[in-house]
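Common to both upcoming complexes is chain A, partnered first by chain B, then by chain C.
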Partner chain A sequence: MKKGKNVDVLTLVILILVCSVFGGIAAVAADEKVVKFAGDLPGGDWGYPSPFGFYPRGPGYIRMSFGFDTLTWKDQNGTVIPWLADSWEMSDDGKTWTFHLHEGVKWHDGEPFTAKDVQFTFDYIKKHKTSFKWFQTLGYIDHVDIVDDHTVVIHLTEPFAPFLVDIAGNVPIIPEHIWKDVSDPVKFVGDKAVIGTGPFKLLKYNKEQGYYEWEANEEYFKGKPLVDKLISLSVNDPALALTTGDIDETSFWGRRAKAVSAFENKSGFGTRWGPSYWVLKVIFNCERYPTNLTAFRKAIAYGINRTELVELVVHGYGIPANTGLIHPDVTEWYNPDLPDYEHNVTKAIEILNALNFTDTDGDGIMEYPEGGDLEFNLITLDKFSREAELIKSQLAAVGIKINVKVMDMSTVDGILKEGNFFMVISGHGGIANPNILEKPDWPGGTCKNETYTALFKEQRETMDYKARKELVFKLQESIAENLPVYTLYHPKMCCVYRPEKLDTWFFTKGGVGIGIPIEMNKLVFIGEEEVRPAPSLAPAASASPGTTSAPTPIPTPTPEPEQPGFDVIFAITGLLAVAYLVLRRKNR
Partner chain B sequence: MTEIKDLNRFWNAYKESRLGLIGLAILLFFVTLAVFAPYIAPYDPHEMFKPMEHPGSDHLLGTNDIGQDILSELIYGARVSLFIAFFVSVVSGIIGTAFGLLSGYFEMFGFFLMRIVDAFLAIPRLPLIIVIAAFMRPSIWNLIFIFIILGWPITTRIIRSEVLSLRTRNYVEAARMVGAPDTYILMKHILPNVFPLLVVRLIIEASHVIIAESSLSFLGLGDPTAKSWGMILHYAFVYPTIFISDLWMWWMLPAGLCITFTILSLTFIGYALEELVNPRLRGMTRI
Partner chain C sequence: MHRITKITGYVAIILVVLSFNFFLPRLMPGDPLSFLTGAPGMDMPIVLDEETRAKLLTYYGLDKPLSQQFYDYMLGILHGDLGWSIYHNAPVSDILIGALKWTLLLVGTSTALYMVLGILLGAISAWNRGGKSDVGLLVSLLSIGSFPPFFLGMLFIILFSVKLNLFPAFGAQTPFMGYSSLLEEASDILYHLFLPATTLVISHIGGVYLLMRNSMLNVIGEDYILTARAKGMAEWYIMRKHAMKNALLPITTMIALRTGFMIGGTILVETVFAYPGVGRLLFDAVTYRDYPLLQGAFLIITLVIIAANFVADMVYVQLDPRLRHD
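Right, the complex of A and B next:
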């Protein structure tokens, strides 16, 4: 009997040893250059990275953009640079664009890329409008003509001011020879669905784990990528994963940027601050009483103390947001003269009283004019539950009772689209580009305003910058005045990386593509000299806690001794416990 | 009079168990915290100060990510955990005992009820709780409801098995023979005899509920604005630098220790009571 027990223990020990040996083998792969990054969001599945499969938010588009290219692209300074198109001309009326395509570009499967693919892409996406869930303005495209194999002419129905970024730099070009037979693009997955011209080929995708693995496209027309393999995974604690070497790069936003201080001036790590064209906002339901009343929304705006929010919850790693959505760093479009609804409880109560909301039973909660406590749900993501908690206590002072309900992102996005809510706290990027003003309550869709929509359309079709700027200002005024959303703060953002793996990380001015604020511009991964970041970035406009750090010198290749992780401690504790039990049994 | 004598006898036997005394002391400590929280806690746990303060004279355990005093959170957290635990164990205990008595005593009823209990017992508890909590609005009363629904079948099963054996005892048969009504037999002869078993069961159930509540909150399925130990752990765990700095020592560890010690105390009390109920076990558990 005793012997049997001992054998069991022995088996256990052997099992543990075997496991750790295999784990070690898996970790030490061949000498290929692998870079692993993790987003700030745990549970990072962003959909299948095909042009029709990705989750329609920035990180989803980015993952798709590794495999697919656009006609133009943006460099670090936000300048539109030639990509699949070498050069282009616009006609005087702004309605005809001629693109001269780069020669010698090949699809991942070796087929040559030609003007026919470009024409096919626009026709195809127009035909499958509802399947392409990303921002699209393809209604402006009348038709695409092919001049020769490497020249296309895109005819627009109306002049379209942001054409080079919002269409040419946004629509991924797909291969005709594959997609021509696909009738349901959303359901089309597999090796063929991810064949593009981009710098990386998708190797593995796991939805449950949010795991993506790409290999370099050795024949990429802009040069072989700097890394052989790129892995995107989701980790629970990015800071810890970075320390233990499970990931090589991640970024921290807002309050999480506090983690950056642990890596600044630490050898083996580089940090880079970015402006983050990102905003957290309260989205109101404009179709449901009482949030459909503009005055009611204003009362809530006065009741929320954004300065306190930035101080207490964001720990200063952010700035109170522009009430007109556009980030203050974007001098081309930012309207500095908007009302900011400075915290004023008395004013909030006055407005509510004027709407016949009063605290009749003296319990500190106002009642609806028709009776019943003024109480409703505030839906948000787990990430922003602290923001919600603070707003709950701030609005309690006004007399509004808030119940905080936490859900995951896709559920919240779904609720916003269905309109089954009163107030939601959620956020998004893209606020460097006026196209975000199209639907201020995106991803919600309850706020409809015809004059606003007309104004937006006019702005888009105005080719003169000054006139357009004025219209963009007016749009921001309208948002700040009508409050379909009340913006809370713009977080600061910092990416932390291991320079020995890759040190070319940068934030794109104005955001990648149509304005995605993260540091995953595909230029980061491409070795061409002219697209490498400048030695030091200009400091972020607003006073950031740690201004942009110069790239850390690449440390000596001697790897630091790995610190024993928690698993080791657990294993030792476990073994000790087993040993103790065995000894005790023997003593008996 | 007899009750007091009984209680005295019980206490004399109970205090023989060192584990039981330790458990009782720890539990009393937490109960005191919970009951007198407003007087003991230095601040209101919802009040916000400067965030992320390290432990100091103002805040003995520092402040959390939105500037709430962690010590006060812990003290108020005892309220949530213990309240849920005792409420659930008492209510599910009452329901479970009632069904247990009836199903043990009346065979047909017992047969049908046991099939329902089987169904409940076949369901793994925590995963089901997670699913239900994810769908319902996570408020304290919803959690209580879920725990009660899932807690009574086990009690019923245990009580029933005891009743089945008690039913055939001579004194019960004798009582039945002289024409005592069923309710009289149940209340006078059977209930007092299953009572010790029930107390042990309640204690175990309470510790289960504490763990379940903490797990749910930790997973982010609790009420995000409630102050419970699991919620403290949740917020600490998602804080970015928690494991690469000293933060965990005063933010995570105390909450973890509170949960551990509460459950430990309940387990010790459970052991001690079990020994009393079942003298064969006496002397088996020692420290």
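Right, the complex of A and C next:
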């Protein structure tokens, strides 16, 4: 009997707990327009969205750009449009830029935005050069003069052709009244660190769970945003989260774009395709025999079948890359007349034979002129191992034996910097911006070419568009001819969204800011008439039928202040334990 | 005397581990700046000039000689300062506490559950050896338990989150819920905990169950069980008071060992459910060569393992009176 009672008490407690669990899920608040999105890239945490706190990655910059504005910005067509500056003039020598600032702009805390803030920003970022890790072209800034409250003059040390995009359209303007007392901007986080002029104010940020929440800046000088709240989440599987309604927008990239077919022509969902401005490439070691021979590198290029790579590895959601690095969609800079080294095994073998590589012992593998099998390592990251394996089999047909070595990111980075490799497969973004041509074999550093470097510098300082374009063309030609890298493919990306929540999504031509390919241009959330998107680009890939939800990446954890719920759980557990012990004692 | 030896032992272990934590990450190729300056496979290339790189090294104290860095690190630990995470750009202790509370919740709940369930089921199974319930339990537990946890997790998500819409598919909390009461928040946390914890319980229960069953079978063969039966005691009572208590000894050690490893080893479940925790933190720290965070995380894991061992030692003495008079 006694025992029965104890059990009853326990059952009761458990019942209460269970009821509260399922009963306690509250309803969502009122008629606010809330849009939730999650990225396709691993993790939801991209750092604290202050100009010095975000992780130096595209998604980090984008999250920061919701709160901070730049002097200029880009619209959907990639045209530079007035932003904090209404208009600007350049001096004839290209070294002096005068900006007329928009009047009546206010910081989130109500203080007025003036020319002094602009001057302060450039001085401050120059002083804390290592803290603003996003882009290192600030060496071109000499000093900034204030003419009046709404006019500034920026003096450059040398003419800098991409100034309007890479500096004026990239450097977030920060409030002097807040940052003037901050000596270590990297460690300055908190409410004050995110006061900008931007369309959204940061409400909450949870590092460990990778969540961000912004509210609309009602007094935004470009008009009130279309959504009241913007939430960025970390989900394990974006396709699934989209289906269940946990998020309203996400994007898919490369072979993961297969998941898009489940949403195409499905009511309640919209899709929009865009280029990713990303390239996968083979980086050669130009200092080590045999990859230091241009002809040898060409033989490898002929031996690689890029069409097959696109078909088999990215399932058609990509295009063979421009051998000159710049993405073909960037009509401004793309050189369409480059050799593409179409797959040709015979030609590859001919070139190798001419270099005295021949298969003397008939085992299907060529020998070095000095003897010994032509065999070396191809180093890559786990995520590109399929590409590497396919290339291994393609080059086997030519008679080159490849051993694929998969390593982690930092190891590969170390190897590239030491120059301890023959071939590495790696990729990067930013190929909408001619700046990327500075080091074509980035992040490697074995291919040095002085004429090329001089040409690059000349291009950067040529203010005439046509003349500059010609130089950019020449740079691409040099890459395609000398092959310090052989580009493989450009993946496509697609954003999938619920139009009833927001349907203004678009991909910015040439990328947001310095070339971020994400569909999160802040104009999407402001929705001015002239920035409404054009009809969707046609999906060029033949989507295979059937549903596929690409299981996607590993989100990042970390902390935030107090979570009172914990105390409750631990307290309840403790109470239960004590109760149990007391009851047990009594029973004895 | 015995106790002093033991404490010295623990201190020695901690010291050795501290040094390992410092030197091992630095032996790996690559350095923390890879992440800051853009590394292979990343989205936006950032080309850093040598001057900036040098300044960054100075900023994070990575340009000092290794001996100096080691000294600073040890000094920091003595002061309770674990350093500043380079990747996360936040104090290491904050990051660790943030992740650790979720891991402790997840690992704690599931360990408690799989322990109790495994022991009970193991005992029942052994008691009815060869019977229907024994064979049924053996087959079902072993077959479910042999699913890899991430697969089980994905199965649960598809079934319970997508099809039935009963439980959330990701996260540890409903983002930005704006709770009206603590109870509401607690229930939301439990609600999110259910699937990941269940996954862990199922994938770990098999081991405990098998061990308990075997241990129990050994005990059942002992003479004192026969004596107890001869005294006419109730079966249930013999099982609980005579058999189970003695069969529990090997289980304690096993659970202590497992708990330590589970702190860093739940990464698969954390990944599948996008649940914050130490596993993924550690993974990122290794990927990005975040030395301070790596050191901190390894330190915590070591401490947890040592603590678990210590607790096991204590519990063992409680469970086995024979050890008390050493």
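We take it that the second predicted complex is superposed on the first by the 362 of 588 C-alpha atoms of A that agree within 3 Å, B and C clash if a C-alpha of one lies under 4 Å from a C-alpha of the other, contacts with A are read in each partner's own complex, and residues count from 1 in each chain.
Throughout what follows, a contact is a pair of C-beta atoms (placed from the backbone, for glycine too) under 8 Å apart; a residue touches a chain by one contact, two chains touch by 3 or more.
Remember, it's a predicted structure, so these values are computed and weren't measured experimentally.
A.B. asks: Is A:Leu581 contacted by the first partner chain B, the second partner chain C, both or neither?
C.D. replies: A:Leu581 sits against neither chain B nor chain C.
A.B. asks: Have a look at where A:Val147 lands relative to chain B and chain C in the superposition and call it first, second, both or neither.
C.D. replies: So A:Val147 meets neither chain B nor chain C here.
A.B. asks: If we overlay the two complexes on their shared chain A, which of chain B and chain C does A:Ala454 touch? Say first, second, both or neither.
C.D. replies: A:Ala454 sits against neither chain B nor chain C.
A.B. asks: Applying the touch criterion given at the start, work out whether A:Thr243 contacts chain B, chain C, both or neither, answering first, second, both or neither.
C.D. replies: Both partners.
A.B. asks: Looking at A:Lys405 after the superposition, I want to know if it touches chain B, chain C, both of them or none. Which is it: first, second, both, neither?
C.D. replies: In the superposed model, A:Lys405 contacts chain B only, not chain C.
A.B. asks: So in the superposed three-chain picture, is A:Arg386 touching just chain B, just chain C, both, or none of them (first/second/both/neither)?
C.D. replies: first
A.B. asks: Looking at the overlay, does A:His315 come into contact with chain B only (first), chain C only (second), both, or neither?
C.D. replies: first
A.B. asks: Looking at chain A, does chain C or chain B touch more of its residues?
C.D. replies: Residues of chain A touched, chain B against chain C: more for C.
A.B. asks: Which residues of chain A are in contact with chain B in one complex and with chain C in the other?
C.D. replies: After superposing on chain A, chain A residues 237, 240, 243, 383, 566 contact both chain B and chain C.
A.B. asks: Can you tell me which positions in chain B touch chain A when the two form their complex?
C.D. replies: 46, 48, 51-52, 65-67, 137-138, 220, 223-225, 235, 237-238, 240-245
A.B. asks: Please give the residue numbers of chain C that touch chain A in the complex, ascending.
C.D. replies: Residues in contact with chain A: 28-31, 34-49, 52, 55-56, 59, 84, 87-90, 94-99, 101-102, 105, 154, 157-158, 161-162, 165, 168-180, 182-191, 270-274, 276-278, 280-281, 283-284, 286-289.
A.B. asks: Can you list the chain A residues touching chain C in their complex?
C.D. replies: Chain A reaches chain C through residues 17, 20-26, 29, 36, 41, 43-45, 47-48, 53, 55-59, 61, 129-130, 133-136, 186-187, 189, 203-204, 206-211, 213, 231, 233-237, 240-241, 243-244, 246, 278, 381, 383-384, 408-416, 424, 426-430, 436, 438-439, 442-443, 514-517, 551, 554-560, 563-569, 572.
A.B. asks: Sort out for me which residues of chain A touch chain B in the complex.
C.D. replies: Touching chain B from chain A are residues 42, 237-240, 243, 252, 255-256, 258-259, 261-262, 312-313, 315, 382-383, 385-386, 388-390, 392-393, 403-406, 566.
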